[in-house]
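In the two complexes below, subunit A is the common chain; its partner is subunit B in one and subunit C in the other.
On to the complex of A and B.
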């Protein structure tokens, strides 16, 4: 229990928020809007888990928003050209993985700082999209929305799928050797190398996985609406990093769980609709989200200081 | 010097290959959009070509492919070298383009702006497609009409701080107080220009305000975003959607009856009026201080100061939306 205190503290704050909403704005808990909210956050959750793993290996990826857009637009264009969903999804994952591979090669093999590399790819990919699409929406064929299911079936499937993915990632990080390597490399790359782990390969693999997850997330978003806006996903990197940090992933690497990320994302995602339900001016929203992130970082700082003193 | 000479030779040969033979008597009008591949400006172009035909002038339509302010300067410089008669610009960057435009004016080239203005001293007239007052009144009047004069409505904007968005909101509020006091604004939510975010915001608005009658989306991605939310909530007809946007992005929702009205201006008319004004300016028929301007087949337009006003915004709805493709 003590080991997961950081994750449980986020769950506690979330529970407090929900309890307050139940008291002051019970309309928040209507099934259909709530299911919509969760389905709309499912893609962000998948991306946030990927970002969390990148942070665990002591790197950062701020290009995920642009990767997300590129995957969404290409998937949209293929679907519009008549490709079946069964072919579009693997292509989206492949494109995401390739974009991750580019970041990974630059970071792991050339040893460039990931913040600079992914800043460059963030801007470059976004500009490419602007150039090609001029902001024009991609119209999707009817059969794509909700994967051909009914709306509520589709939404349940997306929410279930995202949570299932979190469970698989959580299990893999905990029980697979490859999962443990992430923590080893993030804690101390040199020690990991001496222990026979190849830090570069682990870093590269993490970036590729990040990209593939972004591809999956893009598809989870594309199937929720009949149009793709090329700007989609802009700002997603900040949301994902915030969810990871609030969820207890140490920005200095080597620590964190994807379950924590789930709690962090839910907390941040509930703020906006909660403000609408509590009739609070939207001006406060970013301030409150900022305070939550600040609190998370401070807790992290205190924890490190305590460990240091020990 | 040599470089600009080479550039002008290249441009001249290019222009002649495009069918523009001798720069003799025909007036040469150069139109610079923010981005030349954008559907919005392509439909402006259709109107400007019609005006050029009506007036018997040559038209150059050139612009960046990606809303690039530096590239706009470069194109203006090239046009100065080429010696066009009049330049019409939709400025990507208000200050950025003005230096090049002042230089053009010193060289004797007439300058007007359209769609997005430059600094006032860098051009003679601005063809203003919509005043904040016109937009605010059109939105509020249409909202009140759809709600029968009373009910709750909410606004989804781009950001809370954007200048134009705030100005429109002030005009909406002024009109509401003056004409439609039965309408009640219950919330203003930002969507960061993201359709997906607008959809989430609209969903939250509907569940938090069960008596909500209408969502007014005042940035273009928010209109289809709000419409998708209304559709998914099964509230088509119960919660109306109107907003500022492009017909193409909203066509499916307008046809399905989810979105009632999309408000913008006729972009073809904007292109037509711009070229008419540019040519009149070059011929000396349009002078500072004029209060009206007659633009060919479109008739008379009002001039306020140095702004030529396109007039009231246009309402796209189920009956007319198929006549427009942008």
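On to the complex of A and C.
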């Protein structure tokens, strides 16, 4: 229990918020709006889990927003050109993976700092997309929407898919050797190397996986609307990092869980609809999210200080 | 200006005559890139001025335009240089610019304070915001990346909340607009302010004990503490100064555009960080120069404005996009070149 206190405290805050909502604004718990909210947040959840893994290996990826846009637009174009969904999804995942591979190669093999590399790819990918598309929307064929199902069926499928993916990642990080490698490399790359793990390969693999997850997330987003907006996904990187940090992933690497990220993302995602239901001015959303991030790191810092003093 | 070694010379790097070492300095290479950029645009660029007359890239007006438009990002880059030298980062400067612009607008319009008082209070707000970052980072020992990610969201959110997302303050008196639109002694007014800040930061970083301490902290925080450096004090100074400079940039921004809105300076932090890193400052801290930052800012500004004067780019209407793309590529190339040079140097020492 004590080991996961950081994650449980986020779950506790989320439960408190939901309990308060149940008391003051029971309307929040209508099925359809809640389902829409979860479906809308499903892509962010998948990306946040990817970012959490990158942070666990003590790197960072701030280019996910641009990767997300590139995957969305290309997937949209292919779908508009008449490709079947079964072909578009693997291509999106492949594109995401190869964008992740570029970041991974620069970071793992050239040894460049990941924050600068992904800053460069963030700007370069975004501008490349603007250059080619000039801000044009992609109109999607009707058969793509909600995977060809009805809206609520599609939403259930997306939420279910995201939860399934998160469960697989959580299990993999906890029980697979490859999952433990992430923690080993993130805690101490040199010690991991001496233990027979190849830190560079692990880092590279994590970036590729991050890209592939971004591709999946992009598809989850594309099927939810009739158009692909080229600016979708800008700012996603900060949202994902915020969710990871609030969910207890340590920015210094080697610590964090996927279910913590899930709780962190849900907490941040509930703020905006909760404010609507509690009749709070919607313009405070960003400020409140900022305060939550600061509160989360402050709790962490104070706890560490107490442990040191002991 | 005496060329001062930016970092302790690596073993084997000290070989060769001094002019050769000087030529291989990163800043000199960057200056070369800048000159080539400038000459290319001077030769191929054309543009149309406000009266519809075609003027070249090389005209004085054009150069002043570039200076005017790059002052705010330049100031943020100067603000970030000491912070990054200490091994930290400040993602919140762009949001703080927005918050300060809105605060200034509110103080002059809603409260009707006289301009100098409002401007001074805005700088105080910047200092307090920087102090908040510093307090969380130094007193609680939290990672700067996450703290300033939180305040990035917080400051922008406060700016949006104050203006309810829609209020735009405009109708500033002409006396204030001079700051961002007028000229003084031949140069744009804000260029003088920029120069003053640049010289101050240069003296701080390269000519004072405090500046040296910043680098030592970036190299080895624990070592700095054992060496008797007041780490908390130095870090606090760096973050508070960043806040004040961001507030100054907010005043200039407001004056240049004649309006203050909650989205002022959105995304500026990325350009500023890019300029600093392109200028040769290590993102891990300990290594870097103010001259490098200035050259980095200039390289990005000239690229962006110069591309807009090329006929091909004008036809495609793609100046901004190409500039972003090339800046990203330039940043990666600079990093990779630095890494390769380091490896070559190492292999020449061991081999």
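Here is the rule we go by: the second predicted complex is superposed on the first by the 302 of 310 C-alpha atoms of A that agree within 3 Å, B and C clash if a C-alpha of one lies under 4 Å from a C-alpha of the other, contacts with A are read in each partner's own complex, and residues count from 1 in each chain.
Following the convention adopted for this analysis, contacts are C-beta pairs under 8 Å (C-beta built on N, C-alpha and C of every residue); 3 or more make two chains touch, one makes a residue touch a chain.
Bear in mind that the values here come from a model prediction, so they are computed numbers and not experimental data.
Novice: Once subunit A from each complex is brought into register, does subunit C clash with subunit B or fit beside it?
Specialist: After superposition on subunit A, subunit B vs subunit C: clash.
Novice: Look at A:225 in the shared chain and tell me whether it touches subunit B only, subunit C only, both, or neither; answer first, second, both or neither.
Specialist: A:225 sits against subunit B, while subunit C stays out of touch.
Novice: Applying the document's definition of touch, where does A:303 land relative to subunit B and subunit C: first, second, both, or neither?
Specialist: neither
Novice: In the superposed arrangement, which partner chain does A:33 touch: subunit B (first), subunit C (second), both, or neither?
Specialist: first
Novice: Could you say whether A:252 touches subunit B, subunit C, both of them, or neither, answering first, second, both or neither?
Specialist: So A:252 only meets subunit C here.
Novice: Given the touch rule stated above, what does A:241 touch, subunit B (first), subunit C (second), both, or neither?
Specialist: In the superposition, A:241 touches subunit C alone.
Novice: In the superposed arrangement, which partner chain does A:180 touch: subunit B (first), subunit C (second), both, or neither?
Specialist: Neither: A:180 stays clear of subunit B and subunit C.
Novice: Name the chain, either subunit B or subunit C, that contacts more residues of subunit A.
Specialist: It is C that touches the greater number of subunit A residues.
Novice: Regarding the shared-chain residue A:193, is it in contact with subunit B (first), subunit C (second), both, or neither?
Specialist: neither
Novice: Have a look at where A:123 lands relative to subunit B and subunit C in the superposition and call it first, second, both or neither.
Specialist: In the superposed model, A:123 contacts subunit C only, not subunit B.
Novice: Give one of first, second, both or neither to describe whether A:131 is in contact with subunit B, with subunit C, with both, or with none.
Specialist: After superposition on chain A, A:131 lies in contact with both partners, subunit B and subunit C.
Novice: Quick one: from 78-86, 114-122, 132-140 or 312-320, give me the piece of subunit C that collides with subunit B in the overlay.
Specialist: It is 312-320.
Novice: Show which residues of subunit A both subunit B and subunit C reach, each in its own complex.
Specialist: Of subunit A, residues 127, 130-131, 134, 283 contact subunit B in one complex and subunit C in the other.
Novice: Which residues of subunit C touch subunit A in their complex?
Specialist: Going by the criterion above, the answer is residues 89, 136, 140-143, 145-147, 149-158, 160-161, 163-165, 270, 273-274, 277, 283-284, 317-318, 320-325, 327-329, 331-332, 335-336, 339.
Novice: Which stretch or stretches of subunit A touch subunit B in the complex?
Specialist: 25, 27-28, 30, 32-33, 36-37, 40, 127, 130-131, 134-137, 139, 151, 221, 225-227, 229, 231-232, 234-235, 272-273, 276-277, 279, 282-283
Novice: Any idea which subunit A residues touch subunit C in the complex?
Specialist: Subunit A reaches subunit C through residues 60, 106, 110-113, 115-117, 119-124, 126-128, 130-131, 134, 238, 241-242, 245, 251-252, 281, 283-291, 293-294, 297-298, 300-302, 304-305.
Novice: Which residues of subunit B touch subunit A in the complex?
Specialist: That would be residues 35, 37-39, 65-67, 160, 186-190, 192-196, 199-201, 203-208, 210, 221, 224, 228-229, 232-234, 248-249, 252 of subunit B.
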